[in-house]
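For clarity, chains are labelled A, B, C and D in written order, and residue numbers in each chain start from 1.
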Amino acid sequence: MKKIETEFKIKVEFYDIDPMNVVWHGNYVKFLEAARCDFLSKLDCTYMDIKDEGFAYPVAKMEMKFISPCVFMQNLVVKTCLEEVEPSLNFKYTIYDENTGEKLFSAKTMQICVDIKTRKTVYNAPKILLEKIENYEG
Amino acid sequence: MKKIETEFKIKVEFYDIDPMNVVWHGNYVKFLEAARCDFLSKLDCTYMDIKDEGFAYPVAKMEMKFISPCVFMQNLVVKTCLEEVEPSLNFKYTIYDENTGEKLFSAKTMQICVDIKTRKTVYNAPKILLEKIENYEG
Amino acid sequence: MKKIETEFKIKVEFYDIDPMNVVWHGNYVKFLEAARCDFLSKLDCTYMDIKDEGFAYPVAKMEMKFISPCVFMQNLVVKTCLEEVEPSLNFKYTIYDENTGEKLFSAKTMQICVDIKTRKTVYNAPKILLEKIENYEG
Amino acid sequence: MKKIETEFKIKVEFYDIDPMNVVWHGNYVKFLEAARCDFLSKLDCTYMDIKDEGFAYPVAKMEMKFISPCVFMQNLVVKTCLEEVEPSLNFKYTIYDENTGEKLFSAKTMQICVDIKTRKTVYNAPKILLEKIENYEG
(Lines give C-alpha, C1' and ligand atoms only; values in the text may rest on other atoms or scores of the structure.)
Protein backbone atom coordinates (compact mmCIF):
# COMPACT_ATOMS: atom_id res chain seq x y z
CA MET A 1 0.00 0.00 0.00
CA LYS A 2 1.03 3.55 -0.69
CA LYS A 3 2.75 5.12 2.27
CA ILE A 4 1.15 8.44 3.22
CA GLU A 5 2.39 10.64 6.02
CA THR A 6 1.20 14.09 7.06
CA GLU A 7 2.32 16.65 9.59
CA PHE A 8 0.06 18.62 11.90
CA LYS A 9 1.10 21.43 14.22
CA ILE A 10 -0.22 21.91 17.74
CA LYS A 11 0.52 24.55 20.33
CA VAL A 12 0.05 23.36 23.90
CA GLU A 13 -2.67 25.38 25.62
CA PHE A 14 -3.05 26.20 29.32
CA TYR A 15 -6.10 23.90 29.57
CA ASP A 16 -3.95 20.97 28.38
CA ILE A 17 -1.64 21.20 31.38
CA ASP A 18 -1.99 19.29 34.65
CA PRO A 19 -0.74 20.01 38.19
CA MET A 20 2.67 18.53 37.29
CA ASN A 21 2.97 21.39 34.75
CA VAL A 22 2.95 19.00 31.80
CA VAL A 23 0.29 17.96 29.29
CA TRP A 24 -2.21 15.67 31.04
CA HIS A 25 -1.79 12.23 29.45
CA GLY A 26 -5.41 11.96 28.35
CA ASN A 27 -5.12 15.09 26.23
CA TYR A 28 -2.89 13.29 23.74
CA VAL A 29 -6.03 11.50 22.54
CA LYS A 30 -7.29 14.90 21.36
CA PHE A 31 -3.98 15.64 19.62
CA LEU A 32 -4.19 12.30 17.79
CA GLU A 33 -7.78 12.89 16.73
CA ALA A 34 -6.99 16.39 15.45
CA ALA A 35 -3.99 15.04 13.52
CA ARG A 36 -6.03 12.16 12.08
CA CYS A 37 -8.84 14.50 10.95
CA ASP A 38 -6.20 16.73 9.36
CA PHE A 39 -4.78 13.66 7.59
CA LEU A 40 -8.22 12.80 6.22
CA SER A 41 -8.81 16.43 5.16
CA LYS A 42 -5.55 16.43 3.21
CA LEU A 43 -6.66 13.14 1.63
CA ASP A 44 -9.92 14.94 0.75
CA CYS A 45 -11.90 12.24 2.51
CA THR A 46 -13.26 13.44 5.84
CA TYR A 47 -15.48 11.56 8.31
CA MET A 48 -18.37 13.48 6.73
CA ASP A 49 -17.54 12.14 3.26
CA ILE A 50 -17.29 8.62 4.68
CA LYS A 51 -20.55 9.08 6.60
CA ASP A 52 -22.22 10.15 3.35
CA GLU A 53 -21.28 6.71 1.97
CA GLY A 54 -22.93 5.08 4.98
CA PHE A 55 -19.89 4.24 7.09
CA ALA A 56 -18.36 5.25 10.40
CA TYR A 57 -14.89 4.51 11.79
CA PRO A 58 -14.95 4.14 15.58
CA VAL A 59 -11.62 3.64 17.33
CA ALA A 60 -11.38 0.01 18.46
CA LYS A 61 -7.91 -0.03 19.95
CA MET A 62 -5.22 2.45 20.85
CA GLU A 63 -1.75 2.41 22.37
CA MET A 64 0.18 5.42 23.63
CA LYS A 65 3.77 5.82 24.80
CA PHE A 66 4.66 8.96 26.76
CA ILE A 67 8.35 9.50 26.14
CA SER A 68 9.04 13.00 27.36
CA PRO A 69 6.59 15.51 28.86
CA CYS A 70 5.20 18.46 26.90
CA VAL A 71 4.81 21.88 28.48
CA PHE A 72 2.66 25.04 28.18
CA MET A 73 3.08 26.91 24.88
CA GLN A 74 5.39 24.22 23.45
CA ASN A 75 5.09 23.88 19.69
CA LEU A 76 4.51 20.28 18.64
CA VAL A 77 4.41 18.44 15.33
CA VAL A 78 2.33 15.28 15.02
CA LYS A 79 3.46 12.98 12.20
CA THR A 80 0.59 10.76 11.18
CA CYS A 81 1.25 7.73 9.03
CA LEU A 82 -1.35 5.46 7.47
CA GLU A 83 -0.26 1.87 8.14
CA GLU A 84 -3.19 -0.22 6.93
CA VAL A 85 -6.63 0.29 5.41
CA GLU A 86 -8.05 -3.23 5.42
CA PRO A 87 -9.32 -5.09 7.35
CA SER A 88 -8.98 -2.11 9.70
CA LEU A 89 -7.78 1.49 9.42
CA ASN A 90 -4.48 1.70 11.30
CA PHE A 91 -2.47 4.84 11.96
CA LYS A 92 0.88 5.41 13.62
CA TYR A 93 1.70 8.77 15.21
CA THR A 94 4.82 10.41 16.51
CA ILE A 95 4.94 13.77 18.27
CA TYR A 96 8.07 15.87 18.06
CA ASP A 97 9.11 19.22 19.47
CA GLU A 98 8.85 21.58 16.51
CA ASN A 99 12.06 23.41 17.34
CA THR A 100 14.43 20.75 18.66
CA GLY A 101 13.04 17.76 16.77
CA GLU A 102 13.05 15.73 20.01
CA LYS A 103 10.67 12.77 19.96
CA LEU A 104 8.15 13.14 22.77
CA PHE A 105 5.38 10.63 22.23
CA SER A 106 4.24 7.82 19.95
CA ALA A 107 0.94 6.02 19.43
CA LYS A 108 -1.07 3.64 17.28
CA THR A 109 -4.78 3.51 16.63
CA MET A 110 -6.94 0.87 15.01
CA GLN A 111 -10.35 1.87 13.64
CA ILE A 112 -13.05 -0.51 12.53
CA CYS A 113 -15.33 0.29 9.61
CA VAL A 114 -18.98 0.05 10.60
CA ASP A 115 -22.00 0.11 8.29
CA ILE A 116 -24.15 2.81 9.91
CA LYS A 117 -27.46 1.20 8.91
CA THR A 118 -26.79 -2.43 9.81
CA ARG A 119 -24.36 -1.60 12.70
CA LYS A 120 -22.16 -4.45 11.34
CA THR A 121 -18.39 -4.42 10.98
CA VAL A 122 -17.18 -4.20 7.40
CA TYR A 123 -13.76 -5.59 6.51
CA ASN A 124 -13.41 -3.93 3.12
CA ALA A 125 -12.77 -0.21 3.22
CA PRO A 126 -15.34 2.10 1.58
CA LYS A 127 -14.53 2.70 -2.11
CA ILE A 128 -14.22 6.45 -1.61
CA LEU A 129 -11.41 5.97 0.90
CA LEU A 130 -9.50 3.54 -1.31
CA GLU A 131 -9.80 5.86 -4.31
CA LYS A 132 -8.65 8.92 -2.40
CA ILE A 133 -5.62 7.01 -1.12
CA GLU A 134 -4.88 5.79 -4.67
CA ASN A 135 -5.06 9.32 -6.06
CA TYR A 136 -3.27 11.12 -3.23
CA GLU A 137 -0.28 13.09 -4.42
CA GLY A 138 0.97 14.59 -1.16
CA MET B 1 -44.01 28.40 40.42
CA LYS B 2 -43.06 25.56 42.73
CA LYS B 3 -39.56 25.93 44.10
CA ILE B 4 -37.52 22.78 43.51
CA GLU B 5 -33.96 22.36 44.69
CA THR B 6 -31.75 19.30 44.50
CA GLU B 7 -28.28 18.44 45.76
CA PHE B 8 -25.62 16.62 43.78
CA LYS B 9 -22.27 15.43 45.10
CA ILE B 10 -19.01 15.66 43.19
CA LYS B 11 -15.51 14.58 44.11
CA VAL B 12 -12.79 16.61 42.40
CA GLU B 13 -10.67 14.35 40.17
CA PHE B 14 -7.02 14.76 39.21
CA TYR B 15 -8.01 15.57 35.60
CA ASP B 16 -10.09 18.53 36.85
CA ILE B 17 -7.03 20.27 38.28
CA ASP B 18 -4.86 22.84 36.51
CA PRO B 19 -1.24 23.93 37.02
CA MET B 20 -2.31 26.27 39.86
CA ASN B 21 -3.43 23.11 41.73
CA VAL B 22 -7.08 24.15 41.63
CA VAL B 23 -10.05 23.12 39.49
CA TRP B 24 -9.62 24.63 36.01
CA HIS B 25 -12.42 27.20 35.64
CA GLY B 26 -13.89 25.58 32.51
CA ASN B 27 -14.53 22.33 34.36
CA TYR B 28 -17.30 23.93 36.39
CA VAL B 29 -19.43 23.78 33.24
CA LYS B 30 -19.26 19.98 33.53
CA PHE B 31 -20.20 20.12 37.21
CA LEU B 32 -23.24 22.26 36.36
CA GLU B 33 -24.32 19.95 33.55
CA ALA B 34 -23.99 16.86 35.75
CA ALA B 35 -26.00 18.58 38.51
CA ARG B 36 -28.66 19.72 36.03
CA CYS B 37 -29.02 16.21 34.56
CA ASP B 38 -29.29 14.84 38.09
CA PHE B 39 -32.02 17.43 38.80
CA LEU B 40 -33.95 16.31 35.70
CA SER B 41 -33.50 12.63 36.64
CA LYS B 42 -34.94 13.30 40.08
CA LEU B 43 -37.81 15.11 38.39
CA ASP B 44 -38.21 11.95 36.24
CA CYS B 45 -37.92 14.06 33.10
CA THR B 46 -34.51 13.59 31.45
CA TYR B 47 -33.25 15.11 28.19
CA MET B 48 -34.19 11.77 26.59
CA ASP B 49 -37.80 12.09 27.75
CA ILE B 50 -37.91 15.66 26.45
CA LYS B 51 -36.30 14.59 23.16
CA ASP B 52 -38.98 11.90 22.79
CA GLU B 53 -41.54 14.75 22.85
CA GLY B 54 -39.63 16.49 20.05
CA PHE B 55 -37.74 19.15 22.01
CA ALA B 56 -34.17 20.02 22.93
CA TYR B 57 -32.87 22.51 25.52
CA PRO B 58 -29.60 24.07 24.39
CA VAL B 59 -27.89 26.44 26.81
CA ALA B 60 -28.31 30.01 25.53
CA LYS B 61 -26.63 31.95 28.30
CA MET B 62 -24.55 31.25 31.36
CA GLU B 63 -22.84 33.20 34.12
CA MET B 64 -20.28 31.83 36.57
CA LYS B 65 -18.71 33.33 39.69
CA PHE B 66 -15.59 31.68 41.06
CA ILE B 67 -15.56 32.53 44.75
CA SER B 68 -12.96 30.24 46.27
CA PRO B 69 -10.81 27.61 44.48
CA CYS B 70 -11.56 23.85 44.69
CA VAL B 71 -8.76 21.32 45.11
CA PHE B 72 -7.96 17.69 44.27
CA MET B 73 -10.17 15.14 46.10
CA GLN B 74 -12.33 17.88 47.63
CA ASN B 75 -15.93 16.81 48.20
CA LEU B 76 -18.39 19.27 46.73
CA VAL B 77 -22.14 19.70 46.83
CA VAL B 78 -23.90 21.41 43.96
CA LYS B 79 -27.28 22.89 44.92
CA THR B 80 -29.41 23.27 41.81
CA CYS B 81 -32.51 25.39 41.93
CA LEU B 82 -35.13 25.76 39.20
CA GLU B 83 -35.87 29.48 38.81
CA GLU B 84 -38.09 29.64 35.74
CA VAL B 85 -39.60 27.32 33.16
CA GLU B 86 -41.17 29.73 30.69
CA PRO B 87 -40.27 31.44 28.44
CA SER B 88 -36.90 29.83 29.14
CA LEU B 89 -35.58 27.17 31.52
CA ASN B 90 -33.47 28.95 34.14
CA PHE B 91 -31.39 27.33 36.85
CA LYS B 92 -29.32 28.76 39.69
CA TYR B 93 -26.45 26.77 41.15
CA THR B 94 -24.29 27.08 44.24
CA ILE B 95 -21.32 24.87 45.01
CA TYR B 96 -20.34 24.27 48.63
CA ASP B 97 -17.61 22.30 50.33
CA GLU B 98 -19.37 19.20 51.64
CA ASN B 99 -17.57 19.24 54.95
CA THR B 100 -17.22 22.90 55.89
CA GLY B 101 -20.28 24.24 54.08
CA GLU B 102 -18.16 27.05 52.63
CA LYS B 103 -19.64 28.59 49.47
CA LEU B 104 -17.16 28.22 46.62
CA PHE B 105 -18.95 29.03 43.40
CA SER B 106 -22.26 30.21 41.98
CA ALA B 107 -23.79 30.21 38.50
CA LYS B 108 -26.90 30.72 36.41
CA THR B 109 -27.92 29.11 33.15
CA MET B 110 -30.67 29.93 30.70
CA GLN B 111 -31.85 27.23 28.28
CA ILE B 112 -34.08 27.79 25.29
CA CYS B 113 -36.62 25.18 24.21
CA VAL B 114 -36.17 24.24 20.57
CA ASP B 115 -38.53 22.19 18.42
CA ILE B 116 -36.18 19.57 16.97
CA LYS B 117 -38.07 19.27 13.66
CA THR B 118 -38.63 22.92 12.83
CA ARG B 119 -35.48 24.20 14.61
CA LYS B 120 -37.62 27.01 15.99
CA THR B 121 -37.58 28.41 19.50
CA VAL B 122 -40.62 27.51 21.57
CA TYR B 123 -41.67 29.77 24.43
CA ASN B 124 -44.05 27.37 26.12
CA ALA B 125 -42.39 24.51 27.94
CA PRO B 126 -43.19 20.95 26.81
CA LYS B 127 -46.21 19.51 28.65
CA ILE B 128 -44.21 16.63 30.06
CA LEU B 129 -41.86 19.01 31.83
CA LEU B 130 -44.67 21.11 33.29
CA GLU B 131 -46.47 18.01 34.54
CA LYS B 132 -43.38 16.53 36.14
CA ILE B 133 -42.72 19.80 37.94
CA GLU B 134 -46.35 19.94 39.07
CA ASN B 135 -46.19 16.40 40.45
CA TYR B 136 -42.73 16.55 41.98
CA GLU B 137 -42.74 15.68 45.67
CA GLY B 138 -39.03 16.01 46.47
CA MET C 1 -7.01 53.14 28.07
CA LYS C 2 -5.60 52.00 24.76
CA LYS C 3 -7.99 49.75 22.90
CA ILE C 4 -6.31 46.51 21.87
CA GLU C 5 -8.07 43.81 19.89
CA THR C 6 -6.63 40.60 18.46
CA GLU C 7 -7.97 37.83 16.29
CA PHE C 8 -7.42 34.14 16.84
CA LYS C 9 -8.46 31.33 14.49
CA ILE C 10 -9.94 28.03 15.62
CA LYS C 11 -11.05 25.02 13.65
CA VAL C 12 -13.77 23.00 15.35
CA GLU C 13 -12.52 19.47 16.10
CA PHE C 14 -14.55 16.26 16.34
CA TYR C 15 -13.94 16.09 20.11
CA ASP C 16 -15.58 19.53 20.50
CA ILE C 17 -18.91 18.26 19.19
CA ASP C 18 -21.78 16.92 21.27
CA PRO C 19 -24.67 14.57 20.44
CA MET C 20 -26.64 17.48 18.94
CA ASN C 21 -23.85 17.75 16.34
CA VAL C 22 -22.80 21.18 17.58
CA VAL C 23 -19.96 22.41 19.79
CA TRP C 24 -20.68 21.44 23.39
CA HIS C 25 -21.28 24.71 25.27
CA GLY C 26 -18.53 24.08 27.82
CA ASN C 27 -15.89 23.92 25.10
CA TYR C 28 -16.22 27.64 24.42
CA VAL C 29 -14.34 28.19 27.68
CA LYS C 30 -11.34 26.53 25.99
CA PHE C 31 -11.75 28.73 22.92
CA LEU C 32 -11.75 31.83 25.12
CA GLU C 33 -8.69 30.72 27.03
CA ALA C 34 -6.76 29.95 23.85
CA ALA C 35 -7.73 33.34 22.41
CA ARG C 36 -6.76 35.14 25.62
CA CYS C 37 -3.37 33.39 25.76
CA ASP C 38 -2.84 34.34 22.12
CA PHE C 39 -3.72 37.96 23.01
CA LEU C 40 -1.14 37.96 25.81
CA SER C 41 1.48 36.36 23.51
CA LYS C 42 0.93 39.10 20.95
CA LEU C 43 1.28 41.63 23.77
CA ASP C 44 4.55 39.82 24.64
CA CYS C 45 3.32 39.32 28.20
CA THR C 46 2.29 35.71 28.80
CA TYR C 47 1.09 34.10 32.05
CA MET C 48 4.69 32.87 32.46
CA ASP C 49 6.03 36.45 32.29
CA ILE C 50 3.41 37.57 34.81
CA LYS C 51 4.16 34.59 37.07
CA ASP C 52 7.85 35.53 36.97
CA GLU C 53 6.79 38.88 38.50
CA GLY C 54 4.96 37.01 41.27
CA PHE C 55 1.37 37.29 40.07
CA ALA C 56 -1.40 35.03 38.79
CA TYR C 57 -4.67 35.95 37.08
CA PRO C 58 -7.43 33.48 37.98
CA VAL C 59 -10.80 33.97 36.29
CA ALA C 60 -13.25 35.36 38.84
CA LYS C 61 -16.33 35.80 36.68
CA MET C 62 -17.48 34.90 33.20
CA GLU C 63 -20.55 35.31 31.04
CA MET C 64 -21.27 33.52 27.79
CA LYS C 65 -23.99 33.99 25.17
CA PHE C 66 -24.53 31.20 22.66
CA ILE C 67 -26.02 32.87 19.63
CA SER C 68 -25.79 30.31 16.86
CA PRO C 69 -24.34 26.76 17.04
CA CYS C 70 -20.90 25.86 15.65
CA VAL C 71 -20.34 22.64 13.76
CA PHE C 72 -17.55 20.12 13.00
CA MET C 73 -14.71 21.54 10.89
CA GLN C 74 -16.17 25.05 10.97
CA ASN C 75 -13.54 27.79 10.84
CA LEU C 76 -13.99 30.33 13.59
CA VAL C 77 -12.42 33.66 14.45
CA VAL C 78 -12.33 34.81 18.06
CA LYS C 79 -12.00 38.57 18.45
CA THR C 80 -10.56 39.37 21.87
CA CYS C 81 -10.73 42.89 23.19
CA LEU C 82 -9.11 44.20 26.36
CA GLU C 83 -11.73 46.26 28.21
CA GLU C 84 -10.07 47.05 31.51
CA VAL C 85 -6.81 46.36 33.34
CA GLU C 86 -7.47 47.78 36.79
CA PRO C 87 -8.88 46.95 39.26
CA SER C 88 -9.45 43.71 37.32
CA LEU C 89 -8.43 42.36 33.92
CA ASN C 90 -11.54 42.33 31.75
CA PHE C 91 -11.85 40.93 28.23
CA LYS C 92 -14.69 40.85 25.76
CA TYR C 93 -14.85 38.15 23.10
CA THR C 94 -16.87 37.61 19.96
CA ILE C 95 -16.75 34.51 17.81
CA TYR C 96 -17.52 34.77 14.11
CA ASP C 97 -17.67 32.30 11.26
CA GLU C 98 -14.47 32.92 9.34
CA ASN C 99 -16.15 32.64 5.95
CA THR C 100 -19.55 34.24 6.37
CA GLY C 101 -18.69 36.69 9.16
CA GLU C 102 -21.81 35.61 11.03
CA LYS C 103 -21.63 36.32 14.78
CA LEU C 104 -22.02 33.07 16.71
CA PHE C 105 -21.09 33.72 20.29
CA SER C 106 -20.04 36.44 22.72
CA ALA C 107 -18.52 36.44 26.19
CA LYS C 108 -16.89 38.46 28.93
CA THR C 109 -14.33 37.43 31.51
CA MET C 110 -13.06 39.16 34.63
CA GLN C 111 -9.71 38.11 36.07
CA ILE C 112 -8.38 39.10 39.47
CA CYS C 113 -4.69 39.72 40.04
CA VAL C 114 -3.37 37.61 42.89
CA ASP C 115 0.02 37.91 44.60
CA ILE C 116 1.28 34.33 44.44
CA LYS C 117 3.21 34.54 47.75
CA THR C 118 0.65 36.25 49.96
CA ARG C 119 -2.42 34.81 48.13
CA LYS C 120 -3.94 38.30 48.38
CA THR C 121 -5.86 40.15 45.69
CA VAL C 122 -3.97 43.04 44.13
CA TYR C 123 -5.92 45.92 42.59
CA ASN C 124 -3.06 47.50 40.68
CA ALA C 125 -1.93 45.56 37.63
CA PRO C 126 1.68 44.30 37.55
CA LYS C 127 4.04 46.88 36.00
CA ILE C 128 5.11 44.51 33.24
CA LEU C 129 1.52 44.21 32.00
CA LEU C 130 0.93 47.98 32.05
CA GLU C 131 4.18 48.63 30.16
CA LYS C 132 3.47 46.02 27.52
CA ILE C 133 0.02 47.51 26.94
CA GLU C 134 1.55 50.99 26.75
CA ASN C 135 4.11 49.86 24.19
CA TYR C 136 1.86 47.61 22.10
CA GLU C 137 1.80 48.60 18.45
CA GLY C 138 -0.51 45.90 17.06
CA MET D 1 2.38 -10.16 44.98
CA LYS D 2 -0.96 -9.75 46.68
CA LYS D 3 -3.79 -9.42 44.20
CA ILE D 4 -5.88 -6.35 44.88
CA GLU D 5 -8.96 -5.43 42.88
CA THR D 6 -11.38 -2.59 43.46
CA GLU D 7 -14.64 -1.50 41.86
CA PHE D 8 -15.57 2.06 40.98
CA LYS D 9 -18.95 3.23 39.68
CA ILE D 10 -19.40 5.81 36.95
CA LYS D 11 -22.53 7.28 35.42
CA VAL D 12 -22.07 8.45 31.84
CA GLU D 13 -22.69 12.21 31.61
CA PHE D 14 -23.95 14.20 28.63
CA TYR D 15 -20.53 15.86 28.19
CA ASP D 16 -18.95 12.39 27.76
CA ILE D 17 -20.99 11.70 24.63
CA ASP D 18 -19.92 12.35 21.05
CA PRO D 19 -21.91 12.92 17.85
CA MET D 20 -22.28 9.13 17.39
CA ASN D 21 -24.26 9.17 20.67
CA VAL D 22 -21.65 7.09 22.45
CA VAL D 23 -18.87 7.93 24.92
CA TRP D 24 -16.05 9.68 23.03
CA HIS D 25 -13.08 7.29 23.13
CA GLY D 26 -10.74 9.79 24.79
CA ASN D 27 -13.03 10.09 27.80
CA TYR D 28 -12.18 6.56 28.91
CA VAL D 29 -8.81 7.97 30.01
CA LYS D 30 -10.72 10.01 32.60
CA PHE D 31 -12.67 6.94 33.73
CA LEU D 32 -9.41 5.04 34.22
CA GLU D 33 -7.81 7.87 36.15
CA ALA D 34 -10.84 8.24 38.44
CA ALA D 35 -10.86 4.47 39.04
CA ARG D 36 -7.12 4.42 39.74
CA CYS D 37 -7.37 7.32 42.21
CA ASP D 38 -10.23 5.51 43.91
CA PHE D 39 -8.04 2.37 44.09
CA LEU D 40 -5.25 4.35 45.75
CA SER D 41 -7.73 6.00 48.16
CA LYS D 42 -8.99 2.58 49.22
CA LEU D 43 -5.37 1.52 49.70
CA ASP D 44 -4.99 4.67 51.85
CA CYS D 45 -2.08 5.79 49.69
CA THR D 46 -3.10 8.65 47.39
CA TYR D 47 -0.93 10.60 44.94
CA MET D 48 -0.67 13.23 47.69
CA ASP D 49 0.75 10.72 50.16
CA ILE D 50 3.23 9.53 47.53
CA LYS D 51 4.14 13.12 46.68
CA ASP D 52 4.81 13.78 50.37
CA GLU D 53 7.46 11.03 50.15
CA GLY D 54 9.02 12.81 47.17
CA PHE D 55 7.70 10.70 44.29
CA ALA D 56 5.35 11.08 41.33
CA TYR D 57 3.85 8.40 39.09
CA PRO D 58 3.38 9.69 35.53
CA VAL D 59 1.70 7.34 33.05
CA ALA D 60 4.34 6.03 30.65
CA LYS D 61 2.26 3.69 28.54
CA MET D 62 -1.37 2.83 28.05
CA GLU D 63 -3.46 0.50 25.92
CA MET D 64 -7.23 0.64 25.47
CA LYS D 65 -9.68 -1.74 23.81
CA PHE D 66 -13.13 -0.43 22.99
CA ILE D 67 -15.37 -3.49 22.96
CA SER D 68 -18.89 -2.11 22.99
CA PRO D 69 -20.02 1.52 23.08
CA CYS D 70 -21.32 3.22 26.25
CA VAL D 71 -24.29 5.56 26.16
CA PHE D 72 -25.72 8.58 28.02
CA MET D 73 -26.79 7.82 31.61
CA GLN D 74 -25.45 4.24 31.43
CA ASN D 75 -24.21 2.95 34.78
CA LEU D 76 -20.71 1.52 34.52
CA VAL D 77 -18.43 -0.38 36.87
CA VAL D 78 -14.67 -0.09 36.44
CA LYS D 79 -12.76 -3.05 37.90
CA THR D 80 -9.19 -1.99 38.63
CA CYS D 81 -6.58 -4.62 39.33
CA LEU D 82 -3.01 -4.00 40.48
CA GLU D 83 -0.75 -6.19 38.31
CA GLU D 84 2.75 -5.09 39.26
CA VAL D 85 4.44 -2.56 41.56
CA GLU D 86 8.10 -2.89 40.56
CA PRO D 87 9.88 -1.91 38.39
CA SER D 88 6.73 -0.04 37.29
CA LEU D 89 3.18 0.37 38.62
CA ASN D 90 0.90 -1.59 36.29
CA PHE D 91 -2.87 -1.68 36.41
CA LYS D 92 -5.46 -3.61 34.40
CA TYR D 93 -8.97 -2.27 34.02
CA THR D 94 -12.25 -3.69 32.79
CA ILE D 95 -15.44 -1.71 32.38
CA TYR D 96 -18.78 -3.47 32.69
CA ASP D 97 -22.38 -2.40 32.42
CA GLU D 98 -23.57 -2.27 36.03
CA ASN D 99 -26.93 -3.86 35.26
CA THR D 100 -26.23 -6.47 32.59
CA GLY D 101 -22.61 -7.28 33.51
CA GLU D 102 -21.66 -6.98 29.84
CA LYS D 103 -17.96 -6.29 29.29
CA LEU D 104 -17.56 -3.01 27.38
CA PHE D 105 -13.93 -1.98 27.57
CA SER D 106 -10.52 -3.06 28.83
CA ALA D 107 -7.22 -1.28 29.34
CA LYS D 108 -3.74 -1.40 30.84
CA THR D 109 -1.58 1.38 32.18
CA MET D 110 2.08 1.44 33.14
CA GLN D 111 3.30 4.20 35.47
CA ILE D 112 6.92 5.01 36.18
CA CYS D 113 8.06 6.17 39.60
CA VAL D 114 9.94 9.45 39.39
CA ASP D 115 11.94 11.13 42.14
CA ILE D 116 10.48 14.64 42.13
CA LYS D 117 13.77 16.35 43.14
CA THR D 118 16.22 14.57 40.84
CA ARG D 119 13.66 13.97 38.03
CA LYS D 120 15.15 10.45 37.73
CA THR D 121 13.26 7.21 37.28
CA VAL D 122 13.20 4.99 40.35
CA TYR D 123 12.77 1.24 39.93
CA ASN D 124 11.94 0.42 43.53
CA ALA D 125 8.50 1.51 44.67
CA PRO D 126 8.27 4.01 47.55
CA LYS D 127 8.14 2.24 50.94
CA ILE D 128 4.78 3.76 51.80
CA LEU D 129 3.17 2.15 48.74
CA LEU D 130 4.68 -1.28 49.45
CA GLU D 131 3.54 -1.13 53.09
CA LYS D 132 0.01 -0.08 52.23
CA ILE D 133 -0.25 -2.94 49.74
CA GLU D 134 1.14 -5.37 52.35
CA ASN D 135 -1.40 -4.22 54.93
CA TYR D 136 -4.42 -3.91 52.64
CA GLU D 137 -7.34 -5.99 53.82
CA GLY D 138 -9.93 -5.18 51.17
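What we mean here is this: contacts are C-beta pairs under 8 Å (C-beta built on N, C-alpha and C of every residue); 3 or more make two chains touch, one makes a residue touch a chain.
For clarity, every value in this text was computed on a predicted model and none was experimentally measured.
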item	value
Shared chain contacts [chain C and chain D, defined touch]	A, B
Distance-maximising chain from chain B - centres being C-alpha averages	A
Of B-C and A-C, pair with higher C-beta contact tally	B-C
Whole-Å gap separating chain A and chain B, where each centre is the average of the chain's CA atoms	34
Averaged-CA centre spacing for the pair chain C and chain B, given as whole angstrom	25
Between chain C and chain A, distance of the C-alpha-averaged centres to the nearest whole Å	28
Multi-chain contact sites of chain B, meaning residues that touch two or more partners	14-15, 26, 29-30, 33, 72
Footprint of chain B on chain A - complex, ascending	14-15, 17-19, 21, 24, 26, 72
Chain C residues touching chain A - in the complex, by the definition given at the top	13-15, 29-30, 33-34, 37, 41, 46-48, 72-73
Chain D-facing residues of chain A, complex	20, 22, 25-26, 29-30, 33, 56, 58-66, 69
